[in-house]
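The two complexes that follow have chain A in common; it is paired with chain B in the first and with chain C in the second.
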Partner chain A sequence: MRKNNAQAYLFLSPFLILVTLLYILPAILTVVMAFTGLDSSFEWEFEGIKNFRRVFRDPNTPKIIINTIIYVATCISVTMVVDLFFAIMTTHFIKTESTASFFKGVLMIPMITPAVVYSVLWIWLLSSNSGGFLNKIFMGITGSQTPVNWIANYPMQVVIIAKIMTSIAFGTINFSSAIKAIPENQFKAARVDGAKEWEIVKSIIIPNLRFHILFIALWETLGLLTDYTTILLITDGGPGIASEVWALSAYHKAFISAKYGYGAAISLLLIAVVLVFMIAISMVSAHMERREADAR
Partner chain B sequence: MIRIEKLRKAYDSKTVALDSIDLTFEDSSFVALLGPSGCGKTTTLNCIAGLLEPTSGKIYFGDKDVTMLQPKDRNIGMVFQSYALYPHLKVIDNIAFPLKQKGMGKEERYAKVREIAKMMQIEALLDRKPGQLSGGQQQRVSMARALVKEPEVLLLDEPMSNLDARLKIEIRDEIRRLQQETGITSIIVTHDQEEAMAIADKIAILDNGRIQQYDTPERLYHYPANLFVAKFMGNPPMNFIDAALTADGTHIVGAGVDLMVPEHMSAGAKKFAGKAIKIGVRSHLIAVETEKQPQTMEMRLQIVENLGKELLVSGMVGESFVRVTVPESHEMYVCYRQIAKSDKPYVYLRMTGVYNIFDSETGVNIGLEK
Partner chain C sequence: MNTRKLVALVMALCLCLVSFTAMAETVTLKIAHNYDFVTIPDAVIAAADRLEERYAAEGKDIQIEFEKDYQRIDWGEYGKNLIFAYKNGDAPDIFSVSDVPAMVDVGMLMDISDLNTDAFVDGVFDCYTVDGKAYAMPFDLPVRVIYYNKLSLVEFGWTMEEAEALPAKVAAGEFTWEQFVQLCDDIQNAGVCTWGMAHRPGAGSDFLDVLQTLGGRYYDENSTLVFDEDAMLRFFQFIYDAANTLEITPHDLAQQGWPSINTMVGDGTCFAYYGPIYSSTYVAGAVNKDPQQFSEDVAFMMFPVSEFNEKPFVIAAPQGMGINSATKYPEICHDLLAELAAGSADLLANHADVIFTLSSVKAANEMEAITTNPIVADVGYMAEHAISVPSINGINTLNSEMLNAIVQLELGQITPEQAVENVKIQMELNIDEDEIIFE
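So, the complex of A and B:
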């Protein structure tokens, strides 16, 4: 047993070293950096908690926090509802496998399209000049002569919708396989017991999926908090800071203003929040595993 | 009364699960659907429940045609093989679920659940989740859930197949008792012939989506309609000995005997005159002689087993393997043992009670032909 362990470590050691170098070191560096005034001159000068104080004194901070909350909360709630709706429709109601697969395939397109291509598509769709897709339709219907600058006028709405569309496939596919795993007899029993379709969704499907729902919600929230690519590419947080979110602001501070220490401090605050979510996720997945083990 | 008429169910063009089933279930009777795996028992039950739509045919509850009704509109209770309890609900809410669907208030619901829980002796379990129950307890809970709405029909799909042998018998007796107390028309699906014999007033034997015989356990045991039923019912299984009917259909000859066809079989025997047949006889309706006598069949002994209350003596009669049970007595045991070891290991069999004759080709019971 001991010997096996030693061997396992031996085999793993190159990997472990790599992980340490690539994952843990940057994390430590970020933490250290957050307490320095590191900028484009690359001088590691300790400044204590000055960066953090700056974050809270920044007049933009409240707006960014509110943006982040709106962005995450809206995306997550809409995504979850839509995920469940599609999963239940394609798995429980549409029994023909081919139709359901086709539908899920369509849902996956935004997810597998490269973010840059996807964002360019949106920019073209919503372009402010009269050649933009939406503007053509809009002007055609209303007869208006002035094109609307959609992205500038509705930046939050646009990034939220674009983000939701890329997120749907993951949850839908996850939920739909979870629905398939519910024993058929539970549905039969419920039908015999007099449950109508909506009641079956409410009393059989949703409760059976409750841990999957929790898991996906946490997982997606984590992604929304840390991944800013969609916003960066469509609005870049603008106009002004109208669609700036926390993670994107760290990027802006670090790479546009070259205030690495300041950017690291913002990231560190985000990491604190993210850690809470990660602990929650691991607790939920441990619970799911235990439940599945019980079911066997 | 429940009536099934010409019920047919084809899942696709190749799988015909049920082929023209006709069955009638009397009020307050307990009927078992018995047959090997894949013969269509569950399909029949699901059609009665309304969980499956038949391809053609009709189902009546009383005078009402329910063929196209949803399960919820049929007033049935159902117990599933794996119990199908709702894992996230407490036992009390599991049992109350059908009542909740009817829109019954919480107080009333729980009062009814407590009542039935008392009858099923599961009062102590009401606050647990299904995951915290043993198989037998889950079984009781699912029975309670099926009975709480006072259904017109109780359907049970292999309700005991997940239980160990001892518990099986205990629950079996309990199901029988509950059925008799409540008088609910009940249909149980099983592939265990012993279970069906013990519990049911009538048994329908299915094979390949067709009814082979629908009769009382006694008649199925003593007068099986065909070879399939004969092989399926009883343990040890019925013995089959090759023989033939004489050209005038009055005698059975073969295996060294020449028997006159008994009166009640004579009509059938005329029809099958001259044909190859199998004599079907239960192992306890044969007497064993150690000396050759007229009208006995010679059996070459192979094994003599002591089962405690009786001996199981087996060997070959011609080409047919035959088992005979002999009431146990020590001298006889020693005697048969010695014969089995000797170089002329023969005993002689005489039929002492009812036997059946089957047409070798079609398998039908000739004696039941009119």
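So, the complex of A and C:
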């Protein structure tokens, strides 16, 4: 047994070394950096909790927290509903595999499009001049002569919609697989009992998917908290800080203002929140495994 | 026989030794530059040929070769990359500088105070001077000015003579900033131009020139950053009014990219613009005009006197190169810069001609390349009024926070008072107490 363990560790060691070098060491450095005044001169000067005090003294902090909550909460709720809708439609109602695959393929387009291309498309679509796609439609319908600056006037709405579009495919495909895994006899029994399709969805599909829903919701929340690419490329957090979220704020402080210590402090606070979600994900995963084991 | 062999061997050895000493020493310098104006590093490379000749005349056989690293990235990022490379012992030997205070802080710039500064225009080293020491050599003397469209003025009812005389009136203090803003408004209202005044879309020191026109100061005699609250309020009020009350500036100007703004200024859609004179290369390029055509349409003037500013002025914003303090060849790098300042000023004149600006070296400004440049020839007088801004710690943070406020002001999302408060708080948070004065 002990020999087997040694062999396992031997095989795992390259991976463990890489993880230590690429994940654990940078994480430790980030923690240390958060307590320094590291800036563009790359001098590590220990400053205690000055960076954290700065975060809480910054009058922009409440606005950034509110933005982050709005962004994450809206994206996650809309994404989950839309994910479920498409998963049920393409798996339960559309029985032809090729048609369902076509729809799922279409949903994957925003996800597989490179972020830069995808964001440029949004910027073009919502361009503030009269040549912008949406402005052409708007001016055509309303007869208005004044184009609307969509991105400047509705920055949060724009980034939320853009982000939701890229998130749909992941949840839909996961839920689809989960629906397929529901034993067919449950559906048959429901139909024998005279259940309508909506009742089947409500009483069989959704309850069977509850742990998947929880897992995907937590997973997506984690992604939304830490990923800011779409916002960076479309609004860069602006105008002002109208669409600035926590992770983007860390990026701006670290890489635009060259305040690496300050940026690390902001990241560290985010990591604390993310850790809570990771623990929650682990607990849900463990529960799902136990449940599957019990079912077997 | 043995003696013969010995003599032959000694002779062969001597021959080898002579050949070896006769071989030129080849020195490879790494040279780095960012963005378009490659005439800056190219001037250094061309100066190397002349330096080799000078070395040869002195009996030194040195061949200078270059390993080029020309990039096109954000200047802030370029500066950070250089500092990072320096920390790793891999910085170029000679490079275009960015954020000099940060580079001096880490000690990556060689002190070049012993360079013969008499050859240069007065004060041109100020922006590269920290604690009395010069850390980079200015290669040009671009000034930040106000562009205006002469053809629009003529269409508005002025004669071409009157339109062309405007810079002189500004220089004489006979035409004020308030009158100019009113002119922008009148021209727009008359339907001659769609917009009266534009500015850069990103952060930059151009806005500080308007602040200064409105009586503000942003550094003191010790080159410490100053936050002048009253003047800042006047500046933000102007920005707000320009976009929301007078409506001479588009609300979403900051969201429009450089190509759109350059075209707007180049084709006369916008009457006036403030920024560095070398931006005219981009403006002319955006509307496919050569310098001659461009100078027939657009003219440049200084920032005029105002209710709060007694003297017309322009700000000098040179571009320059510094030497890596850890270079293996400090003397050669230094000699290259000295060569440019003395015998090879024509290379700097060529650079200045290409980017439509004056040169930092006096001799170059007398050369035909500059005196016959249709754009530069008309702005030579500005050198007398040019203010050289010193190297200021924290200026990039101020520029960045000001832009944030400008964007929101132009969109009408905040008031000038809120803008002042926001910028002030950010400066308090992000700049060390001893590096900023609030007044």
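Operating definition for what follows: the second predicted complex is superposed on the first by the 296 of 296 C-alpha atoms of A that agree within 3 Å, B and C clash if a C-alpha of one lies under 4 Å from a C-alpha of the other, contacts with A are read in each partner's own complex, and residues count from 1 in each chain.
Keep in mind that, in the parts below, a residue touches a chain if its C-beta (ideal position, glycine included) is under 8 Å from a C-beta of that chain, and two chains touch if they have at least 3 such contacts.
All values derive from a computational prediction rather than experimental measurement.
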Clash or fit (per the criteria above) of chain B with chain C on chain A: fit
Per-residue contact with chain A, leading partner among chain C and chain B: C
Which of chain B and chain C A:96 touches, first, second, both or neither: neither
Which of chain B and chain C A:204 touches, first, second, both or neither: first
First (chain B), second (chain C), both or neither touched by A:192: first
First (chain B), second (chain C), both or neither touched by A:145: neither
Included angle at chain A between vectors to chain C and chain B, based on C-alpha centres and rounded to the nearest 10 degrees: 160
First, second, both or neither for A:5, with chain B first and chain C second: neither
Minimum C-alpha spacing, chains overlaid - chain B and chain C, in Å: 52
Intersection of the chain A residues that touch chain B with those that touch chain C: none
Residues of chain A defined as touching chain C within the complex: 39-43, 54, 57-60, 128, 149, 151-153, 238-242, 256-259, 262
Interface residues, chain C side, partner chain A - complex: 76, 79-80, 83-84, 87, 99, 102, 105-106, 251-252, 254-256, 397, 400, 404-405, 407-408, 411, 413-414, 422, 425-426, 429-430
Of chain A, residues touching chain B in the complex: 183, 185-186, 188-196, 199, 203-204, 207-208, 210, 294-295
Chain A contact footprint on chain B (complex, rising order): 46, 49-51, 70-72, 76-78, 80-82, 84-89, 97-98, 101-102, 131, 145, 149
